[in-house]
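First up is the structure itself, then whatever we jot down about it.
So that you can tell them apart, the chains are marked A, B, C, D, E and F in the order they are listed, and the count of residues begins at 1 in each.
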Amino acid sequence: MNVLNKTLEIRTSPHLKSAVSTDQIMMHVVIALVPTTLFAIYAFGLAALLILSVTTFTAILTEHIYCRLNNKETTITDWSAAITGLLLGLTLPPALPLWMAALGSVASIALVKLLFGGLGYNIFNPALGGRAILQAAFPVAITTWHPAFLADRFSSIPSSSFAWPFTTGTYDAVAGATPLGNMKFNQVSTDVTDMAMGLTSGSVGETSAVLILLGGAYLVARNMMNWKIPVVIFITVAILSGIVNFFNPNTPTPMFMLLSGGMMLGAVFMATDMVSSPVTDRGIIAYSVIIGIMVTVIRLWGGLPEGMMYAVLMGNAVSPLLNRSLKSRVYGTGKKGGAK
Amino acid sequence: MNQAELDKLVEAPNSWHMVRALAGIGLMCALLIVTTYELTFETIKQNKAEVLERAIFKVVPGAQSKTTFIVKDGQVEKLQGESNSGLKYYAGYDDSGKLIGVALEAAGQGFQDIVRVLYGFSPDKQAIVGMEVLESKETPGLGDKIEKDETFLKNFEALDVSLNESGDNLKNEIIFVKNGTKANPWELDGITGATISSKAIAAILQASASQNMPFLNQNIENFKQQ
Amino acid sequence: MTTVVAKKTFDHGVHPPTFKDGTVKREIRQFPFAKVLIIALSQHLGAPAKAIVREGQEVQRGEKIAESGGFVSVTMHAPVSGIIKKIGWAPSLNGKMVNSIFLEPFPASGQTIEPSTPCDVDTASADEIIAAIQEAGIVGLGGAAFPTHVKLKIPEDKSIDTLIINGVECEPYLTTDHRVMLEQQDDIFMGIRYILKATGAQRAIIGIEANKPDAIISLREKIPAGLPITVEAVKVKYPQGAEKMLITALLGREVPSGGLPADCGSVVVNVATTAEIGRLLPMGRGIIERSITITGPGVEKIGNYLIPIGTPLRYALEQAGLKKNATRVILGGPMMGFTVSSLDVPITKGTSGLLVLTDHESQLTIRKEYACIGCGYCLDACPIFLNPSRMGRLAKFEQYDAMEKEYNLMDCFECGSCSYVCPSNIPLVHYFRVSKGIIRDKKASA
Amino acid sequence: MNESLSFIFINACLVNNFVLAYFLGICPFLGVSGNIGTASRMGGAVMFVMLVSSMCAYGIHLMLVAIDAPYLQLISYIVVIASTVQLVEMIIKKFSPALFRALGIFLPLITTNCAILGLALFQTNKGYDFIQSLIYALGAGAGFTIALVIMAGIREDLDIADTPKVVRGTAIVLMVAGMLSLTFMGFAGLGG
Amino acid sequence: MNEANNKLDTNTFIKGLWKENPVFVQVLGMCPVLAVTNSATNGMAMGLATAFVLIMSSTLVSLLRNFIPKQVRIATFILIIATFVTVAEYLIQAISIDIHKALGAFISLIVVNCLILGRAEAFASKNSVGKSILDATGMGVGFTFALLCLGGVREILGTGTFFGIQILGASFEPWILMILPGGGFFTLGAWLLLFNYMKERKAAKMQEATA
Amino acid sequence: MLVILTAIGAMTGLTIALAILLVIANKKLYVYEDPRIDIVEDMLPHANCGACGFPGCRPFAEALVNSETNPGKCTVSSPDGLDAIAGFLGVDAGSEEKRVARLACAGGKNVARSRAAYTGINTCRAAAQVAGGGKVCSWGCLGLADCEVVCDFDAISMNRFGLPVVDEEKCTACGDCVDICPKDLFSLHAISHRLWVNCKSLASGDEILEYCEVGCTACGRCAMDSENNLIVMENNLPVVDYSKNSNTKKPIQRCPTGAIVWLQPDGSVVKGEESPKVLRKSELPPVSS
């Protein structure tokens, strides 16, 4: 008599699996970005909506086409392309010509992610890699800022947005200055609460510190983000700029440093990208400290007003080294191992 | 392969051959180089002089001829032959041999690396009347607007560097202002998108002018003889 | 139920759902004899036992049928009175065929057991106890089936101060140790007396996960006067029951890499093993049955059973009743247990549970595999503080040397915590098992 | 302009990194960046050779000025640097085989390398004095080492990555170099 | 030692162009390849200068190959190469100071271009003058061609011009990245990728043909 | 004129100094090295480019001479050059008979059954660890092609029934397949050994035919009838004594299942007349538990 009417399945242990899977993590990141995204659209109007749609859609499309060309099952269902596109859009200036945004999105996905092997294998953060490429290719366009909360933001679109592909856009006369630009070039500081609430100008999604932190908290609560990274970055930046500010009050205050520019978005959503950050505990700390130091140094002493992107990319570049050199002590080795 | 066979493969180096070959080839090379050097020397000298002259005539508009001066022991004297050390002053004269300006070099940190410029000073106008970038690694298309941007170069039609009462420094510092906000002749109208580079030019000129203008004005007579 | 607060534990680890409620209340019940029992001659680590019976020979329940094939080997006893049908190949848990004794019970075989020479705890010497344990065929019932007498024979150059009794039972679903702790308390204390004497340890600690408060409390109450025993609650966390983790939790020591618990002055014995020692040695008997949790969504009559060694899974499952959608039969718990490819595999001394999963679980656990996204969950799970993320990638690209030399692969004890948490569903432990195998092969052939 | 030593160092090391901004020493950068250990030893060797050649170049430059023979600059730089390094190599090989194993084997590769000659030429062009030249060499060497070691780390990761077949080999290394170069652009203007 | 190499002479020439292209296949002498290719003109000039040095030094090395003892081989090669580089440098200055300025130190750095020493060692020191010249010319042309490929792409995308002539229209927004160092790496990477791709396809086709 | 003299003076001085330095160095600092290193280095392109992964041509040459690497690692040299190096370093091939890898299992999916469905890492090594891999015959080939993948010489290809086939021409007897197979099914044999026992099952009796139609039932006929004890039974399997004259097809005629075969150079096998012809082209369904 057969007790079983089917073929037995054989598999390796464990036969239980925790519930989270990679696509879900990615999906929750998108969810966590929703408040920031909505605020961006509220602050910059149609321009933000357009740029975010273009980057997200192009990112997904690029990945899909790549998979088709390689006769592979499409990987867009893992949501990571959507995150990359969305995050790229959030770091761009609102009035950037859309063709540039699309080009950046293609570069993010194709050059920085897929050429390196796709999800999980990219060395550099795709969104920031794409932004770095855009910034090097079109430095003027990407440092031309558009003011937030224009009255007609829901009815008109900046003329530069619809520049013909591959041509220079004509910019509307009204140009906004960002807090960091004002600091660097005009030595003018900006009100801290304004920056916290997102009332300033800047990249599409970087302006509202509060909502970004909210999204971060959501991910931390779900254990989908390593809270140590942003916290250590913030601490490093605050300490360094605090010291400098103590000796030279003309330099930005720690609060200004934390709330201005891409610091929040970068530390909370981009430095925390699991793929391009180290995995070991001590590696993560070192990585965050390096990012903190580099962003402070660039902002205070470098030529550019903002350095978050470069700092994160530098962190990405040294991650493999940190992973290798800052391992955990293995159980039963080292000083505790010999103990009796 | 056994040891004996292996040893056979190693030829004993012949010292004489080595010296002979190296020295012989060294000799040949020396001849080759020197011949080329001699043959091209005049052309290159001429080329270089032309380039320099072009630059000087550009920053001292209207100049037709030039004389090079150097400062030796606090004294201005004409440069005889060549010299590689010390700041040179290139005096420019018009047809009639009248001094219309002095050109000199200045350098400082730009966005990417050191920027070297040549600028012309007009003693009559007490102003900088021309500026040419000699060497820069500024971003092409962006920082290199300091060489090409016409509005920016307009700054140097007459950038005020007149001296203060006591004559030991500029009356007004050369300062950088945002594009389109130039109100005074000593202000440098910046380039949007190349703020850093254009600011660097202002800083370079300010540093050089505040150091050299008092000296030039005091010794202007010395430059007048061609 | 009363609760117990536990603070002691180790770093890292995971929290799988326990699924113990179904069987925890069910007392251990006697299981009937199958038509044929298959007693594998190597059901423990070490040299196989040597059969001392012939085909066609009649044997009595409890009679010795195989003797140990060396020091790292144990004796086998007949689980039932019957006739030796044949001695030949039978499938085993790891898929290999092993030499086994096929024993057909007499139709009306009873529960009586042949009398034999006892080993008295008060008079026997340490060596005598160890010999008696070997003679009783006792191996670790915690899962590894390592001959217990070998473990208790402490090498000359080492000494033991603490005996740890492992009553953690951190594997989900399994409850036999829990039941043993409730039902065989006297045997446990008796066993501890034997082991303390054999090892020279000064004290014993019974470590129990805080989710078994009834066992903790009642054992605490019953500790016989004069016995240096404490009962400690440890946090509910997998793999709290692994001996290294338990030692760390209870003593704050670490077993050196590549070393044994004895290297940090302790020895760990499972409660069921201890109870078995305490039950069998006074009567001089051998192991012929053990208690097992038969459970899982694929089983009708789940429960804890005292089951004769050698019962084929087919018979056990017929008795317990299988559901239609059952697909996976696992010996052991869900975290470390092995699926079997054949129901002709018999229950062995090391079998602590028989878990049957269904289609439903298959669908839950077969998920799309992604590349490692570096989330670090596995690093946070690994109780040995290894870097499974890196090792998984190295294994995928066959860089075994680096795994061993730079990432301490050989310290991985295959607990599966990393695989459990990996959101990319990478079969990490499987990679590690394969890699360890390859490295071992390479060393053996070098 | 009289540049401060710290500026010279930072500039040569980060802002105008020899490999990533000036494209000097690309061959060893591509060739010897497969493994972190090798890369760091190579970096050490480069630093050493840079210091030696910086000193040589400084001396030769003085001599050439004295005999007024600028046209011999290139040929004498290369010959002197190459033979000095070779001498050092031979000495190391003879007297410390261990050190030779660790560093010496890299020396021939470095001698005929753009970064070394480039350093000598640049320091002459910039008119650095002796101390400035040494700091410049140190900065350039440190920058080279940093770039090389970072690249090696990344390449060790790429060895165990699912990179598409067509980019494997030099192509992907160049892509990484491109990204690193962009990253180092963040240092622009530092120290100014 | 190279007896086996008595193949048709056109092959000696052609192989440098494509099959053993010094840049795309051998990946040699990358520094000038990347550094001076921000415009087609510079690339071309650099290519020609390198080719000049390559041809001249190969010729001389081949002529002197029996006169040079093995031990001082490398030293003499370097001497010869450095000489011709110096010569080239003066010639370029005589022709145009501007080109000299654009190429900067990289003219001098031709000395250390691995390609030249490599050819001197691997080919010229073992072959007749005629063959060496042919080989050097092939390699030189291949090198120039590669530099032109890079310089062309970088100039067109980076400034919208080709050899200084506006070709993409005045409103084209230049991709400044392309003329920055990063762009150099990316462009060469892309070219190599293309070459790999073509090789793969060819291999796949070959396999199909045999199967 | 002065210029010329300076130049000549300086250059001659420089080169003579250099030459003397080199001469002295050659004499004083000479360190004995395997001269083959020089020769091999000579054969390399001297690009010192590092493409081989070594820090330069010389270290690469050293590694070559010490046979730590192979010439193909140099991507710069021409194929001819590489051949020359390989030829120079090549050790005498010797007169030993060529050996090849031989597989001892004939249980393809059309004749051998499985009883459990394995899912997991798709290699034999991994599968073998999970209850032996699910094939009923615990000795048999799992068919997941570890051997095909490990063979650097492309000598192994999997046939349509999931059994590896060795190409005798390509096989270099490197032994990698022998090491990788978790079921130890490969062994290296002189190419002239053509009489072959194509099964490793230690089980006996006709039951095994239920799950593998071509398995050895240990009936012992081949051994009984073999001349001069060419074949003996050990552990339920026939063992051919190749030191005796094994060049006979007779034993294959005795085998009722076709487990003992005659190997053809093209990879096909000849079985005895008596053995059942296997015509099935489809997979056998798994046995149910």
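Just so it is clear, a contact is a pair of C-beta atoms (placed from the backbone, for glycine too) under 8 Å apart; a residue touches a chain by one contact, two chains touch by 3 or more.
Computed from a prediction, not measured in an experiment: that's the story for all the values here.
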Spell out the chains that contact chain D while also contacting chain F. A, B, C, E
Would you mind telling me which chain pair, A-B or A-C, is linked by more contacting C-beta pairs? A-C
Chain whose average C-alpha position is farthest from chain C's own: B
Chain A to chain F: how many Å between their CA centres? 49
Determine the centre-to-centre distance between chain A and chain D, using the mean Cα coordinates as centres, and give it in whole Å. 34
Go ahead and note the Å separation of the Cα centroids belonging to chain C and chain E. 69
Multi-chain touching residues of chain C, meaning two or more other chains, are 314, 338-343, 371, 427, 430, 433
Please set out, as single numbers or ranges, the residues of chain D touching at least two other chains. 27, 30, 71-72, 75, 79, 83, 112, 161-162, 167, 172, 175, 179, 182, 185, 188-189, 191-192
Among all residues of chain B, those touching at least two other chains are 13, 18, 21-22, 25-26, 29-30, 33-34, 37, 111-112, 139, 141-142, 196
Complete list of chain pairs which touch one another: A-B, A-C, A-D, A-E, A-F, B-D, B-E, B-F, C-D, C-F, D-E, D-F, E-F
Sort out for me which residues of chain E touch chain D in the complex. 27-32, 34-35, 75, 78-79, 82-83, 85-86, 89-90, 105, 108-109, 111-114, 117, 177, 180-186, 188-190, 192-193, 196-197, 200
Chain A residues touching chain D in their complex are 70, 111-112, 114-118, 120-121, 123-124, 129, 132-133, 136, 294, 297-298, 301-304, 307, 309-311, 313-314, 317-321, 324
For the chain B and chain F complex, residues of the former touching the latter: 1, 6-7, 9-10, 13, 15, 18-19, 21-23, 25-27, 29-31, 33-34, 37-38
Residues of chain A that touch chain B when the two form their complex: 139-140, 143-144, 185-186, 303-304
Inside the complex, what are the residues of chain D that reach chain C? 159-162
